[in-house]
Amino acid sequence: MVNLANPILLIVIPLLFVFLIAFSSAFSKSAAKYLPIIAFGINVVVAMLLVPEVLKNGLVLSTTAGFKPPIAIDMIVDKLALFLVIIASVLGFVVSIYNVAYIDEEPEEKFYALFTLLITGIIWMIITGDLFNLFVAFEVTSIAAFGLVGFHRDKGSVEAGFKYLVMGAIGGSLLLVGIIMLYAATGTLNIIDVAQKSAELTFQQKFLAYALIFVGLGIEGALFPLNAWLPDAHPAAPSSVSSILSGIMTTAAIYAIIRITNIIFDYNQIYLFLMFFALLTLIFGEIAAYYQKDIKRMLAYSTIGQTGLFFFAFTIHSTNGLQGAFLQIINHSVSKSMLFLVVGAMIVQVGSRNIEDFVGLGRKMKVSSFFLAIGMFSLMGMPPFFGFWSKLKIIFAALQHSNALMIGSVVIILLMSVVEGAYFFKLLQMMFFGKAEQDREIKEASFGMLVPVVILGFILLFISFYPTPVLDFAHQAASDLMNKNYINLALKLGGL
Amino acid sequence: MSYYLGSFLLIAIGLYTVIIKKNLIKIVIGLNFIASGVNLLIVSIGYVKNGTAPIFSKIGINPSAMVDPIPQALTLTAIVIDASELALAVAFVVLLYRHYGTLDIKKIRSLKW
Amino acid sequence: MVSTILIAICVPLLAFAIGLTFIMFKLKITARVQRRYGPPIIQPIYNLLKLLLKEDNISHGVIFSLGPIIALAGSILAVFFIPIPGLNLLTGSGDLIALLYIMAIGSLGMALGAGNTANPNASIGISRALTLMFGYDLPLVIIVISVILQYHTTNLADIVAAQANGHWTLWTLPLSAIVGFVVTYGALGEHPFDIITAPHEVATGPMVEYGGKHLGFLMINHMFHIYIEIALFVDLFLGGASNLFWFYIKMFGVFFIMMLCDEVFLRFKIDDAVRFFWKWPTVVALISLIIVLVK
Amino acid sequence: MNMSLELLLATPFIGGLLTYIGGKVHRWVRNLIAVLFSLATVGEMAMYYNTTFKGVVWGSLFGSNLVLQTNPITWLFLFIVTAISLLVIVFSIDDMKKEEDEIVLDSYYMQLLFVEGAMVGIVLAGDLITFFMFWEIMSWTSYFLIVHGGKKSMAAGYKYIIMSVIGAYAMFIAIAMLYAKTHSLVYSDVALALSQASPSFIIWTVVLLSVGFFVKAAVMPLHTWLPDAHSEAPSPVSPLLSGVLIKMGAYGLFIVFYGLLSVNLAKNIMPSVFSTPILLYIIQWLAALSIVLATFLAIMQEDAKRLLAYSSVSQIGYVVLGLATGTSLGVAGGLFHALNHAIFKGLLFLAVGAVIYRTGTRNMSELGGLVKKMPFTFTALLLGIIALAGVPPLNGFVSKWMIYEALIQKKEVFLLIMAFVGSTGAFLYVYRLIHSLFLGQLPEKYENVKDVPILMQIPIWILALSTIVYGIFPGLAMDVIVKGMKLFGFTPIAYNLFGFPEGTAMGSLTVINIAAVLMTAFVAVFIIFILFPKTRQVSQYDNYASGQELTPDFKYNYSFGFYMSFGRVIKPILSMSIERVYNYWIDAFKIFGDYYMRRIYTGNLETYNSYIVIVVTIAAAAVLLGGKLW
């Protein structure tokens, strides 16, 4: 009996499917469509099987190749990682369903292979316990993403893809340099090991390495001013890909930053520095989103803003702040992915990405618009949707420190929330209450595209009205990270 | 030390190329410079002067005289990744040339703010 | 019980009588000032009877007819809240502040009736009447407040009682009294504040469509109006009176001075009238108010 | 008992969902469900008459309990909320028939009930999280109600929601500050914490909370959303907004100043002016400014609903002015005026809505003479304007009287002058309203107008009768208010069913005497009047017009620019506009943002790459500087 609750399966199975998909056209034309669904279906099951294990032991650690860490590459799934793995798997599963109806461009099997690879890379980034492995996962994700952004191969997507590629490649290199410098300083690549050994190093010794890692991951994680690729890439990519990029990829990169900061660079001053980045990201993302005419570009900038928000929550550097950050990550992942899926379905119907063309859509595509509205409300943090709980937590956590800096930050955050409300409400009222000049033939999105939207919508509604388990789980994850509990657990379990 | 300097020089040249040069091909080459620089850096970190290969090919080799094997393994992986990235980049350049009819990055800016 | 009913009937009649005599004297005074002989002193009674008994009354609808009725009812109501010598009437049920609002019922009724005529002159007249009311209301309110603060009560009967033995507000708060006089004068709509009815411009304004018994009722209302305004002034500033005779004499004195003023002024444009009220009377009233506050 | 508070809160929300589902069956099913559920809410609310019930915990969040509670003060607001909502829903049934799209109607009723539910939640809330949560829900649900009517309403709704959100976030900061202090946001805990907090902390939290309430209550200078939103909203929604929704701001102020903070505490921590804590004194001034300026603006309006909207700003000024006095009489007056304003403003908006329903316009200069065609609506509206103008014996008078007396007692004379002026100004605009709508020349096109259907009449008349009932029997409301205020530590004021005896204020008041004398006088005059010769009806064209013959196609009635000459007097005041200041900043923000966005996201890959290099360089420089970048 194979123990299915093994983190390694989270990567191995989808990777197998990637190959399967790539060669599936040899035996069946349409198999490629459905294989990702199976792959991520299995992933969801594995992730769910991990839940009791993680809750029991606080951590699940699996090693490869029969060695013990730190020699071997290990996979660490603690509560926080599990949290993100579940989101990534569910999103992968749901978006795969969406793809079946959405993707009608050749070469399909390549798209599905890259798509599966993208999510696999993301999950890999999340659960890896090895710094170099992190780099590999990062590059796997990036390369898949470069390909997917340019998938349409039209003018815009190729340009966006190339820009993304150049910036991503630079970022990857910087990340690698940083990792290598850490390796040079500590002599190990295992995260837990690095955590212990780097404790002896001084601030100056680690700073450049950390900065390079931060910049490398920050490019993927859409931190200002490293995020210029994002507003180009998200609109250019197929909507299902934007959904993943926006919903979980940037989040995974931010997760990596959070992890590494927590492990090797847990200095109070650095959080001030990071807060500066977070606020800049928030401000520029939200303000830029306000001016957009292209709906996907608007959502992309909004992603930047949201990233800034939960990164800010992390930089508060308290259990409450981290809890807020994780809640906001859930909120953002679910809502923003759903929004991109809905918008994708709408673009198919409308045939344009211009906001002006969405006038009166609320009456034509009722179900889609309904879920669009819910997603936007949640992102704005309007009660009773989930975004309200997370925003409440973040602001509460921020004002636990009642110094001028925090109050100023809170004011900025709330002002930017107002800006966010401004553009979301502009869109919403245009859709629901505007009247189109000429009557257009617009139908509700096809069933295949609605199902994933509805699934995500119901997940959002469920956690909105019954947030307690999520809140608790986020709190546990946050306190584990804050107390560095997981290091001790990993040491115990991994037998280091 | 000179290896470090060399690798950082390579990276710097690459960054310079990426920022200053207008030609897409040159930018791709710049990326490659960076990648090479990084690879050189990795290998040089593991380098021990007058060291031997990290294999116990004969008895009596002092392990501390061995070159660190891990960076070499890493380099291999990195090279593979760089290669695939480069291939993708070149593919993009071809496509861009088809769409825009030019390789001048200044002219390829249909997407902005 | 019987006395209550008796009072209820007599007090409005008294007010009416006082108002009527004032109107009667008014014509005579005006004529004398203008070096004329003037009409017989009972001419207003003739006028009134003629209007009331006219056979051919025209009406522009129910509200047109209800207007004068509401106006008169409102005025009669107001009469009961102004203490007269020996009687505090209903001052316990509604104080000075309530009275200020009760006095508005009459204007409202008249405005409703006149508005319903659909005559532009009437509408313009009402627009001016309300505007003027807004104008003199500001100084009026200020002096009322200063009087209230002076005596620490809003009950009109108490205010009158506090002025007994010659401690008139006129002596203690002369500035307020002067403004009070100006405001009362403005409220009566005499020159220079008669732009509301200006016969040459808007053909008597709100009354333009009224004739017959409707106009008769409005005239009666005007008599009540004169009574209310002047009686209020007397109660507030001249200490009321110990008996009806002195009450009448005081009221007549005030009215007499007003009639003299009536003859020497020209007519204000409506916005100028408002500006006037919001300028000097307001400033003076505020000074007086501050004096009271500081004291 | 425990369950039923939650049930009361849930009823409108469940009703809203069922209404939407019912709409899929048939529109009458939907209407029936909507009416029944709002009726049920009223019924459940009635059960709590005069009961005090401290706290049922319905949840817990971040370590703070979520509590529902009720007491007579909340009952008063519950009464306003549920009763007006019910009437509005009944009124909507006929009024919204003109909307053809059934889906829009389904969601309309759903949102109506949601707004009601949210407001019930605000009032029932026993802690600040619950309060804030329902506050936000109220904001966005009511936003959807406002934007129901076309392009203009979209702009109005947009302004509304943005300002609401700003206000709500100001509140949010205060709540978060309090949470940091106490970790429990139940009112009693917050009050306890505030009593030990530093003065600057208290002032900050209270100011921030007040900003949120001011936006909702439309106290100047944060009122700019109201005239647009209230006038552009569908007719049945306006009474809900004007009558009820802005009262939530007043309720919030009451809770903050008398529930969380007490007057004594406030006096201890800040200087007092006229024995009022300075913060309350400033609020009083803002309220008084609202009263006067909004009155001026209302006088100059040409649009009936806009006029009423500005009048709402002015009237809510009285509520806030009364609440901020801090004395028993003033606060009771403020609370009573909140009820009264809900009644008469609801009545006025519904009556004007009835006119719009029949004529399709709310431009006052296009209307006129409808008294012959819609006598019932006219009578109701007449009662409404008398109440609004504060003329006895209707309800508006009593509460204003209380506020005036309270101000005189405190010698706050300048505020009192402003309040009086606003009240006199009200005469001007209410007369304008009734004159332009119902009196004067009837335009030819409205020759066939009828009075509105019975379902629209019923709510109007219920409100019209309420103006009389609460006017003559102020004791009915005082029962609740005084009992409730006792819980908040106020000394109870003396009152009886018909008014206030000597000693309560500086004078006394018995409204029924005024009413009785007025009625007697009216009847007497009426009898005398009809004793005189009969009258003859003539057409409205049989008029004195300097000999000119009047014809139906000729508009001779004076109804446009009714107070033009007065406008000349207050021109310097009218030309000031806080909105221009806001717009200036918004424009500045837009231009600034646009300028910088274009320069940051240039679309140029080199620029983007250089950002990366810059960040790396900064980091490297930081290392060289010893890692001390900050």
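Some notes on this structure:
Labels for the chains are A, B, C and D, by order of writing; each one numbers its residues from 1.
The working rule: contacts are C-beta pairs under 8 Å (C-beta built on N, C-alpha and C of every residue); 3 or more make two chains touch, one makes a residue touch a chain.
Values in this document were obtained by computation on a predicted structure and should not be read as measured data.
Between the chains C-D lie more C-beta contact pairs than between any other two chains. Rounded to whole angstrom units, the spacing between the C-alpha centres of chain A and chain C is 78.
The geometric centre of chain A is 28 Å away from that of chain B, both derived from CA atoms.
Between chain B and chain D, the centres computed from C-alpha atoms are 67 Å apart. Chain B and chain C, compared by their mean Cα positions, are separated by 99 Å. Within chain B, contacts with two or more other chains are made by residues 15, 18, 27, 108-111, 113. Multi-chain contact residues, meaning those touching two or more other chains, occur in chain D at positions 597, 600-601, 603, 605, 609.
Within chain C, contacts with two or more other chains are made by no residue at all.
Going by the touch rule set out above, the chain pairs that meet are A-B, A-D, B-D, C-D.
Contact residues on chain A toward chain B in their complex (touch as defined above): 132, 135-136, 139, 142-143, 146-147, 150, 153-156, 158-163, 165-166, 169-170, 172-173, 176-177, 180, 183-184, 189, 231-232, 235-236, 288, 291. For chain B in complex with chain D, the touching residues are 15, 18-20, 22, 27, 105-106, 108-113.
Within the complex, the chain D residues that touch chain B are 597-598, 600-606, 609-610, 613. Listed in rising order, the residues of chain A touching chain D in the complex are 162-163, 166-167, 170-171, 174, 203-204, 207-208, 211-212, 214-215, 218-219, 225-226, 228-229, 231-232, 269, 272-273, 284, 287-288, 290-291, 320, 363, 366, 377, 382-384, 388-389, 392-393, 395-396, 398-400, 402, 407, 410-411, 414-415, 417-418, 421-422, 425-426, 429-430, 432-434, 471. Across the complex, chain D meets chain A through its residues 61-62, 101, 103-104, 129, 132-134, 136-137, 139-140, 143-144, 147-148, 153-154, 157-158, 161-162, 165-166, 169, 172-173, 176-177, 179-180, 593-594, 596-597, 600-601, 603, 605, 607-609, 611-612, 614-616, 619-620, 622-623, 626-627, 629-630.
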